[in-house]
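Each structure below appears as structure tokens.
Consider the two complexes below, in which subunit A is the common component and subunit B and subunit C are the respective partners.
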Partner chain A sequence: MLTQIAYALPFLAQGFALTLWVSLLVVVLSLIAGVLLGVGLVYGPAPLRWAVRIFSDTIRGIPILVLMFFVYYGLPAIGLHLPSFWAAVLALTLFKTAQVIEYLRGAVGSIPKGQSEASMAIGLTFRQRLAYVIFPQAFRRFLPPWINGVTDAVKGSALVSLLGITDLMQAINQVIGRTYEAMPLYILGALIYFAVNYALSLASRRLERRFSFIRE
Partner chain B sequence: MSTSSNDTPALLDVRDVSKSFGAVQVLRSVSLEVARGEVVTVIGPSGSGKTTLLRCVNFLESYDSGSIRIDGKEVGFRDPGTRQRRSERDLAAMRAETGMVFQSFNLFPHLTAAGNIMLGLRKVRGKSEAEARSIAEHWLGRVGLAHKADSLPAELSGGQQQRVGIARAVAMEPKILLLDEITSALDPELVGEVLAVVRSLAEDGMTMLMVTHEMAFARDASSRIVFMADGGVSAVGPPKEILAAETTNERLRTFLARFRASHF
Partner chain C sequence: MGYALNFNLIWRHFDKLWGGLLLSLELAIISIAIGIVIGLVLAVWYVSAGRVVRTIIAAYVEFIRNVPLILLVYLVFYGLPTVVDLAYSAPTSFILTLSVYSGAYLVEVFRSGLEAVPRGQLDAGKAIGLTPWQRLVHVRLPTMLRITLPALSNTFISLFKDTSIASVISVPELTYGAQWINFNTFRIVEVYLVTTAMYLLTGYALLFGLRLVERRFRAAR
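For the complex of A and B:
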């Protein structure tokens, strides 16, 4: 049994690499899109605020699996054919973006209004206010839910196996298909996912401690 | 409406400014001039529009009609006729010319005392790190906090925080300093140290427009006092005249009587 699993390890490693690649893409793309749209939600003109609000509420109200199938099987109907990998990344990113928007809104919203006013009063422009006054303070509140979201993204990436993409989950299933050793392989898979996410939450705790000096 | 007796044009010229929040009119055609080097105090019951007026001067609040000029330059609008707002960059540049000190201090909690003062010097005035640091240290010395340069706001008392707030505003070398009830959030024993700083700035010729409930301070430090009621300027004059018990202005007399009853 062990030899069989050892034999499968390089294959599992490939799947794991893909899991990390999907997670990384989703996390980075959703961070960029979510922060931009979140700033639009907090500070933008009314039409932009409404658009972001509708986007976020809609996306968060749909099961992520439905969203993924919609992008892969539904969008071709309007002429948008995405390869399964990019369909999965797009769906997961949309979902994660909606969450990042809410984390950002919460974090920025928790900064007292006087901070914006004081930074306006010394003549900082909007971007400078965000960069030097608002974001440094909001970061501490943004980080914990966001890291939670990152671990969700790593776990959620297992859904891409349902579009036939050979990530860690799919690789495990294929090895089980050959070896019929379901129990040890699923345990191995669980341990790998756990190791990644545990490392992330450790890193998060260290970062939070570094920023805990900010008191209002 | 009295204006300053100076022949030189006013540094701050507020003319016929009106503003409503929904159905409530908070400023009713307010006009006011502050000459260079003058200290003008605005008093009045709460809800009379004092703070709103102050916030209009550096355009933290917009207003519906009228004009506000500093050094002859319209503050918030490119042209008061069309009421087209200035661009973000323009507004920021205009605001850098006015300093503001807030009731709740509003120091940046993630920056040290020196860091609070240096931010505007670095990013708005474009000073080097070393230059900004030395200006910050100079002003912290002026407000008696040279030894607190590297303390975070949370490590300072309310009075110390407010003195940093003042240093942050004046370090930018504003044309006019706006003080918005800067001692109202302080414990009584800390009020004196903050007012002493304001007094020394006044002696240096800093132009100031302040809203305060410290009548004794207003009497001693102001060139003129403006009494506001119901969003309008109800009386303007030298402290002696305004704070005289025998004033003929009914509203002012009521305000002063009520004030004396609650403070003495």
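For the complex of A and C:
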């Protein structure tokens, strides 16, 4: 049994690398999209605010799995052909973006109104206001939940296995298909996911403690 | 776009979606009920226990929360029967998994709620001569429930959405029904539009109901 698992290790490592790659792409892309849309939600004109609100509430209201099938099977139906890898990344990114929007709204919303008013009074432009006053303060409210949310991206990436992408989850299933050692391999897989995510949640907790002493 | 929407085939097979939704709700309700029992017992135990028990409960919570649900579902359905002599159906297997999974999330919710109960209330309970059991049932748990209700509602709705993972072991719930119609009629966009609406409506109905409960509890304060 052990020799079989040892034999499969390089293959599992490849799957793991893909899991990390998908997670990284999703985290980075959703951070960009989420911060932009989040700023739109907080400061944008009413139609934009409604659009972002509807987007976020709809995406967060359905299971990721449904969103993923919708994107994967739905895009080709309307004439958009994405490779399955990018369809999966797109679906997970949409989901994560909705979360980032809410983290940003919460973080920016926690900054006292006077800060915004004061920076307007000294004549800062909108961009300067965000860059020098709001974001530096909102950052420490944003970071801990966001890092904690990265674990959701890593866990969510296991669903790409259902689109036939050989991530860690799919690699485990394929090795089980050949070796019939279901239990040891699932436990090994669980431990790998646990190691990555636990490290992330520890980091998030440490940051939270580090930032908590500056609370007003 | 070049894609003409046609919902006729969806309505013809709507029983797959409707029956699926009912099964999703059933899976969620049973699992959450078991999860609440696990969560309550372990949370109460945790706050009064010594180091060893605390470490074990924390290990359970951290392990479950940091592993993808889909892996746990596979592990219980395909893995567990190879080492223990048990035979169970896919729905039972999923309920077992989601119960243990929701238990881990609910321990956290209940534990932080218990720790937020003001010390003065417990002292007051002691002062009027309540036994430890009475203090738990009449003072600690009701206050804890009121504190945790908003977090509890969010956890319940997220667990309801998690039932979609049951489709990977062919439990015919809502997502499975959607895939069935997808593969058999190829009305892809339509079926996922309808499924999305069904998840959203159910989720918001649940949220609305839970908010009503919250308001009642708040009024009782």
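Operating definition for what follows: the second predicted complex is superposed on the first by the 207 of 216 C-alpha atoms of A that agree within 3 Å, B and C clash if a C-alpha of one lies under 4 Å from a C-alpha of the other, contacts with A are read in each partner's own complex, and residues count from 1 in each chain.
Going forward, contacts are C-beta pairs under 8 Å (C-beta built on N, C-alpha and C of every residue); 3 or more make two chains touch, one makes a residue touch a chain.
All values derive from a computational prediction rather than experimental measurement.
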Subunit B versus subunit C, judged by how many residues of subunit A each one touches | C
Does subunit B (first) or subunit C (second) touch A:Asn197, or do both, or does neither?
-> second
So, does A:Tyr73 touch the first partner subunit B, the second partner subunit C, both, or neither?
-> second
Name the contact category of A:Met120: first (subunit B only), second (subunit C only), both, or neither.
-> first
Looking at the overlay, what does A:Ala46 touch: subunit B (first), subunit C (second), both, or neither?
-> neither
Identify the partner contact of A:Asn173: answer first if only subunit B is touched, second if only subunit C is, both if each is, neither if none is.
-> second
Given the touch rule stated above, what does A:Leu2 touch, subunit B (first), subunit C (second), both, or neither?
-> neither
In their shared complex, subunit A is touched by residues of subunit C numbered 1-3, 62-63, 65-72, 74-75, 78-80, 82-83, 161-165, 167-168, 175, 178-179, 182, 188-189, 192, 195-196, 199-200, 203-204
As the complex stands, subunit A meets subunit C at residues 58, 61-63, 65-66, 69-70, 73-74, 77-79, 151, 154-159, 161-162, 169, 172-173, 176, 180, 182-183, 186-187, 189-190, 193-194, 197-198, 201
Complex contact set, residues of subunit B against subunit A | 58, 60, 88-89, 92-100, 102, 104, 106-110, 119-120, 123-124, 152, 154, 168-169, 172
Contacts from subunit A onto subunit B in the complex sit at residues 112, 114-115, 117-126, 128, 132-133, 136-137, 213-216
